[in-house]
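See the structures that follow.
Both complexes shown next keep chain A, but they swap its partner, so chain B is in the first and chain C is in the second.
Our next item is the complex of A and B:
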């Protein structure tokens, strides 16, 4: 292949990464923005989504689309329930103290990872895509499923944006994010909002994982990379800024896709991580973020 | 922290060192080797405690400093053919330089941002090790050849692979760092660090340059961790990338929390306890991460001061 097609392929692959990354990072960003909790276990919720998707599709059988749709609904619900329980049992009792919650979510990371290893095993397992249609581009055929991931992610992001800006739930969430004490004084049940936001963040990660699992397989260690990349996206995009999160995810996904295609993936990760650390050092509020409170 | 009796504090610490010395002669072979390893890793925890316990800066990147010492010493022997003393110093120096650079950058961030920045720099360091696999051995790591691990002192030669020599070397390093930590935290400088932890704004208002004080703390902490890494490479003869992974940054946090942050002996107690728990539990289950995870959550929920921290709070107020 020549340079042009190569670049297009890299860009498409990068966009798929961006789409999944935007969803995952949005979950992290919501939790971080509203609750001020750095959820180190976020990547494990992602992994749980993928592992559950495998379990559900292999339990249902029949046409792959059937199992996939079931997984897309059931896996995020289970993950959300687990996150809710974790929030009630641990984070709330810590009063959402930033440092204590980091230690506690590290603990959750280990527990979830170990349970996945014990019950699911160390193998990487595939999930069949719901359909396998190839779209013919001028130079090569490209998986229709991958393109549909981008579309699904865009739809979900628009839906989240509508919920955040146009509904009462969104208003309550924004009020809690802006000033939780005043919100409490106005009768907003801050505790329940926090529980809901934590569960919602985990569900977004799980949905992203179900979408990606037909092209990348489920594995018990698969949470680490999305966690780090989500951190990167949230920081570059700026806290709680949906627009920033999407722009940063596209930026990171595309550059990761293109650099990994032409250089080594390790080098791509290294450069991205270093750049972000520098962003955080010199511009703590992020590139697109509103100034920190 | 009470001022009462420096003599009592020093007597306690010398007592602990004496106990570890005596244990070397009575312990069965298996625990003898385990304790040597624990003492080296307790040095790592003490270095971590210097920053986390006394200055209140939560770093998630200290495996980078351990790794700098490990690779600094290990590669100096494997690739450059240096002798043991020079390689040990090389490992410490690479940790100190790295800590200075990272400190200058990371200390511009505060709170949660500081943790994430340190974690990211550590991740870059880890990826660098994988990227330069031709020299570092990448995933597989490298074994420091046995003949190179001998310390030539004039006519006599100390073989670091000999269990007794290894135990005593670990004990010497442990004792030096323990007494150094004790001296630092009892000094004026140590008080300034605690003041920064308790209220940085007020400390600044009192006329202290909090940035340079914190920077010195990062360098001291990083250097101690590098010394632990260098000793690990020389005494146990293995240099591998897993020692620089995020997980290895979290372990000293766990040990320090367990033993008691901001206590001089807490890191040793935490390391011993955690190793013992894992050792016992691995007889019943292979799920050791589960135990680490549950321990972290229970500690932070019900026991935030750790073993020694709680003892100090309830009974022995004079513990340093």
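Our next item is the complex of A and C:
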């Protein structure tokens, strides 16, 4: 294949990765930004989203778009509810202590993974895309559904940004993030905000998973890669920074697409890891993060 | 034992009665045992000196990327053991299978072999497919001196890289499969071949043995694309396929195989090179899944055909009924539960080889393991029939590997139809070593 089309395909693949990564990493970043909790179980919320999408689409017959839309609404709600319960039962009782919550979320990771294995099974199962349209380019064909993922993700990111910057809920979240003690003194129910943010973070991961499951497959071990990449993204972008998360996700996604296509996937992972190391050395707060006070 | 609160006083829990075993309980126990002995279905193993069961440790891929295979390997094994026991067992003793999950992981696989040898004290270890698990587990079997019968496909047993305790008597190896099918590929599909294979041991067998096999037929491998086994997206590899490619030879394994074929379809559409796939790319996957219409007209290797064929033997029909797969190769009663038909017959056939070898050796217990190894090595051929429904096989005791026939099937109307069967001779090659020279 010639260089031009090759690069185009690489960029398209990279953008799809970026789109899903931005949503997943945003969830992780929000939870850390507001609650100072490093959620190691984030990848498992992603996996739960995909597994539930399979369960919902197979329960609903008819046109695949029906099941998919239902999954897009119901799966994140269920995952959010599970996250809320986990937050109430575990994280709150640990007083959101940073070290304790890391260990606790590692525990949650294993519990969720094993529950998925027990109830869903070890198989990888396909979900039919809501529509199948093959975009025919002169050099190769490309999945129309994949392009729609990019659009959907962009819309969701804009919506999240609007909620954070233009609504009262966003204001409360930002106040809690800025200084939770003062916020509490001003009558903000910090405790409830924490529960809501943790659920929201999990829901963003679940939405990302529902979007990707028709081009990938639902599998109980699928949470590991997105977790790792999300950490890379939030470290580079700066924890708690929406803008940084999006920029870093595009950077990592595109470089993964292009480097792994022209060179090797291993090299792409190596460069991403090197980038993390560089950011940690020269700008520990991340590209767009503000230094911790 | 009783502490102040009585926590450790077992008598209070009702588990142990304070007076010990009463006469009434003893009588009840005796009656139950007698009842069991006269119950219908109880087989009397009268000619055996001991009627203790022969214990087979089954290393199964219950979890991890091999899980779909593990599930069907277990079903096939259960069916074979049921048939063997119904016919009187092995040497008049019943067969009992003990299953441990290897997680499709080499480290765990080796642990499982150790567990069978020392904890469960099984007579042999059996099972497992993924080559990296076999290679990782083989040294543990050699150290424990416990015969290890694998139902893998890789060339690792036949290449004599493992040890004298490892056998693969129920399924052919990749080198033999490729060699017997290369003439068909070169003559019917095309001469310029691009290979896509998983980046681990099993894939390397394809990488190493396809080029020479095709070269001998006047065809060439023009590109080789290795894909990590945990990869979940494949489009990024497709630009590496040279435009002059006439045949794409694909062999993928693990949970993402469906994605692989779907993305290949999106990339090429109807304007594609010929496709020749190893059935591994589609095992346990419904060929009528959305996106797979793209495979129509392409060809696949099958060890044993997934779909019932018009000329199926009585033995093949009986085998399919015993395992519980319908004419489409799915579980009876669940059309969505598609089997790993191309591979799982190996479990059935291997168990019958074990039975034959144990009977030849007059096997009585773990002290006869060396005799069992020698008796297995002395085997030369297995006739097609109820014990070997996939077809006749020869066995080379020096390299512990069997040789059999292969099927080439065409996808037509959402089904696979066998269009060519190879002969045993097509897959024979010079032995690369001799296990029998190793000490037992």
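By definition in this document, the second predicted complex is superposed on the first by the 287 of 293 C-alpha atoms of A that agree within 3 Å, B and C clash if a C-alpha of one lies under 4 Å from a C-alpha of the other, contacts with A are read in each partner's own complex, and residues count from 1 in each chain.
Note that contacts are C-beta pairs under 8 Å (C-beta built on N, C-alpha and C of every residue); 3 or more make two chains touch, one makes a residue touch a chain.
What you see is a predicted model; the values in this text were computed from it and never measured.
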> Is A:123 in contact with chain B, with chain C, with both, or with neither (first, second, both, neither)?
Replying inline: second
> Of the partners chain B and chain C, which touch A:217 in the superposed model: first, second, both, neither?
Replying inline: second
> In the superposed arrangement, does A:142 touch chain B (first), chain C (second), both or neither?
Replying inline: second
> Thinking of the overlay built on chain A, is A:44 touched by chain B (first), by chain C (second), by both, or by neither?
Replying inline: neither
> So, does A:98 touch the first partner chain B, the second partner chain C, both, or neither?
Replying inline: first
> For chain A, what residues appear in both contact lists, the one with chain B and the one with chain C?
Replying inline: 117, 266
> Which chain B residues qualify as touching chain A in the complex?
Replying inline: 58, 60, 105-106, 108-109, 111-113, 115-117, 120-121, 123-124, 127-128, 130-131, 246, 250, 253, 257, 287-290, 292-297, 299-301, 304
>> Residue numbers of chain C touching chain A in their complex, please.
In response: 62-65, 67-68, 70-71, 228, 231-233, 235-239, 243, 254-256, 258-259, 262-263, 266-269, 284, 289-291
> Can you list the chain A residues touching chain C in their complex?
Replying inline: 1, 5-6, 9-10, 13, 17, 64, 117, 121-124, 126, 128-129, 132, 134, 136, 140-143, 215-217, 219, 221-222, 225, 257, 260-261, 265-266
>> Give the list of chain A residues in touch with chain B in this complex.
In response: 38, 90, 93-94, 98-100, 102-104, 106-111, 113-115, 117-118, 224, 228, 231-232, 235, 264, 266-267, 269-270, 273-274, 276-278, 280-282, 284
